[in-house]
């Protein structure tokens, strides 16, 4: 199995080199956990190695993503101009407004969005696909059978692309609670914030990664001006 | 990224200077946590520096807000007369009474309210927008997809204004629980009250703040006759 | 801000003198916490000072309230005869029986009840209004938007009266849980019973009180033959 | 206020003599807590003092109640023959079978049952009314407004009788959780079973008792061949 | 009250001799707790004493029950041939397949099943009735009033038989949680599994047993090749 | 009872030799617990002993299962070619797409899927049947009575085959919580992940295994490049 480095040293070490090609990796975390930062940083380092990337945003306009990235010194537009990066605004809006990426009339807007992303990745010849967040794709679907089908369809379509695929999820499952998407993904990364004795502790844990051996223990991480930093060689409590 | 000081010393220190311009900052807290005080105090200090402000109240009549502010020595009407402060009563009332800020007949009163606020801010040339509370805007909407859309629309409209935006939320998420608005906001401030061994402890924590480095640890705070006071340099437990 | 003493020494000390005039103070507690006793005792002491009072009962017939009050030596009928006390039986009964305070046919019985109370207070020239319990007013309304509107309407109408207003709520929110009415009230008093190591501990805590400084720590209380007693100067655990 | 002794020594001591006449006392407890035993024992001792009693069973046929009572040496039929005891089978059965105490066609079977009980008590000239359990009366009513009305109607009707009234409830509220009937009753007795370090501990606690002072601490109890025994003078843990 | 020994020594000692005749005893436990083993073992020992038994299975085909029993050396068919044991397959299947024990068309299949069991017991002249599990009888009934009626009907019918009745329930109520059937049964046996410090501990506790004194403390048990073994004379933790 | 070894040494030791023939064994676990690995590894070792196997996948395409197996050096296609392994893609897709294993029009797709699997096993003369996961079969069925019937039908059909049957379930029941399928299965294996003091601990526990004695204590396990490894002779905490 070929691995694709994320460029985040400690995280790549936990992964045994990087994320496995052709697998769908889910990044789960609460607000402010750094899901988008992890995703964008991985992308920036792939772009720096000359790998073609697709970034699809389902919640925030691409404009905001770009602006926030600039705070870390990551200039997405530069890479768009170079032709290595393709971005897609596939905002899921349930009311009938003019928005890109929607198939009005068919009642199957989720499947239309999936198709838009997959075709975008193919056309671009992407080596990586980033999707942020999955939550927006399925939030208006209350039936769990149908929700599972949408997620299954997306993940299977991403797998067929054969590239690295990172999908974020706005969820931080508690001990013993799971979200459907965690079963359907090939890899699951959990970002957790905990206040213990009035002290905030942030940990990253690989809960699942099909096809590779990995460090399964939780590790502390921080978000600095240079992005994600994983302290995988230090104990969590000092 | 330009920062706008709130004037609350300890809080500004936690923020590394202030709230980032053009971002939506959510202040979450339970009853009596001081959300409205934090908001009004920030506004008073901005007004004192000559910055134009818009204050939109969605729950309590502006009259009450003004009266409560007077207890801290904050005279809002004075600033209205000076023309620096504009206030809006955009009370969300679901029954058909005569109330400002409602589009009867369209079934889209939330969007009408958002429009009223944004246009008010533009006309006034506001450098700050304050909205208190978000909860009132979405309480009668049970569908999560639609709720997300209303919140997304509001936050995106506020961002486009390019000023400081502070929105309160009547919620104090427990460890590991989140509210939708926390994902959609750029910044999240959590105000927490806890009774531990029959002793009340109040803490403020920045859970998220896109675009700036910040002190992520919880800090103790108090509400005095002069308003919010953040003890960011002291340990929480002595 | 003018304060009105409740006459319960320890509680008035916690409040810095009394409840602020023109504000709505909510008293929350479980069964047997003493909500009605706190309310009636405050009223008796106000009557003793010659202040006009309105007591509206929404759940139990006034007859029972009077009978229970007699156990503490409080003779309500005597004050009714003197003309200082006015009582209202505004029982909320959802089935169509003959009951005072209901507007049959309009589907707006909550608003009719509110109107009855407010007009009663005005006519009587009340300096205090007591309402016991709020729970009965909103129990048959499942929609949270509408419930909020009823509570908002009641509280705002009470504020306009400009007198002391004490409203009870049959709820004892757990740590981190809140009831809608706590956000809408100006003041919130929490009465808590806890069995710790097979020992019952009863505490009173002011969770919120707009417009005044107050003792925010929980304090032990007891109910004696002379009514409410707050031990605000003693530690909770000895 | 006149008190009526239950004859259970420790319990009467906790109550300061007995249950107050004309008040509704609720006995809450889980399965096997001894609610029916407490009720029957109180009745037996009242009968022994020559006081007229009405026992209404809403769940189990009276035949079973009598049989179980015999295990404690309590012969109910003997007292029926003497004319001091009247029993009522008011089984609440929601399907249309032939059962006493139901008003078919009106949809108001709960009110019919209440009327049956109250009239039975009046005719018999009862000094005590026992109802076991309340749960059966309201189990098929999902709307909380309506449920409250049924319970309110029952309790108010019992109060008007002016005798001792004991009503059981199949519930053992957890710390901080309450049942509607606890607010509406004049007195609340909680029977609790807890397994602590693999040791069962049973406690009785008076949570509320309008009109009288009482011992509010939890006390250990046991059920022996002679019925309820309350160890109110011993510490719970030795 | 006459007691019928189960033949499980430690358990009979806890019961003071056995289960009371004419009472309905519920055995509650999670998967793998041994409910069916406890039931079958009691039956085997009754058969060995020459007592006539009826075993009604509501979930698994009798064929499987027999096969599993053989692992403990219990040959049910042998006893069927001897005429002492009667077995009934009253599988509750909600869709219209050919299954014994169903009254198609009436919508009252639960009552038909109950009738089948009771008549089977009468015809056979059973001294014991075993029903496994109750859960299957009521799982498709969401209305609690109706569910209570079905359970009540079953239990009352069993009581009238005047023999020993053991009914299993697929539930292991947590501390302070109860199932409706526990209130309606005469006896309740709780089988509990707990993992404490990575060590599994299994306990049996009699929560209720009308008509007899019993050991109310939890006791450790094991399932061996010879069936249920209750260590009622040893401490749970060594 | 004949046992079939899984070939996972420590697990077979826990089982006293292997899984009992003709019984349905459920493997429950959260994401990344290794359910599919345990299943596939058991199958590989059975194939190596020359035993015929059927593997039915209900969620992921067989192609992915094969690819993931290759990471452990398990070549499924090789065994398909040898004729010992038969695989079935019985994907449950609720919308009407072209998918194998569905009976369109009858509304009974679950029963059609069960039939497909059972007939596949018979035709192939399977000594083992593997089903992964059960969750997909019942996720679109909200009614618990119907769900129970589908699971019951599947399990009973598998039992009749008389071979080893291993079924996975996407669930990791918490202490005291159960899933319906755990009651209906003959054996239940629980795979648990717990983060304790920032250290991940993975345990396997046999919760139930009809017909055989087994080690009921939880044991630590790991997933290595050679598959499942159970440390059944070591303490969990060192």
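Order as written gives the chain letters A, B, C, D, E and F; numbering starts at 1 within each chain.
The working rule: a contact is a pair of C-beta atoms (placed from the backbone, for glycine too) under 8 Å apart; a residue touches a chain by one contact, two chains touch by 3 or more.
Quick caveat, the model's predicted, so the values are computed rather than measured.
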Distance in touch steps, counted as few as possible, from chain A out to chain F: 1
Rotation, 0 to 180 degrees and nearest 5, that superposes chain D on copy chain E via CA atoms: 60
Same or different contact residues where chain F meets its copy chain E, judged by the half mark: different
Whole-Å gap separating chain B and chain E, where each centre is the average of the chain's CA atoms: 59
Distance from the mean Cα position of chain E to that of chain C, given in whole angstrom: 51
Junction residues of chain D, two or more chains touched: none
Ring of chains, enumerated from chain D in the sense that reaches chain E first: D, E, F, A, B, C
Contact set on chain C toward chain B in their complex: 1, 143-146, 148-149, 152, 156, 159, 175-176, 178, 182-185, 188, 203, 205, 207-213, 216-218, 236-237
Chain B to chain C touching residues, read off their complex: 30-32, 59-61, 64, 67-68, 71, 93-95, 133, 135-136, 139-140, 170, 172, 174, 193-195, 197-200, 202, 224-225
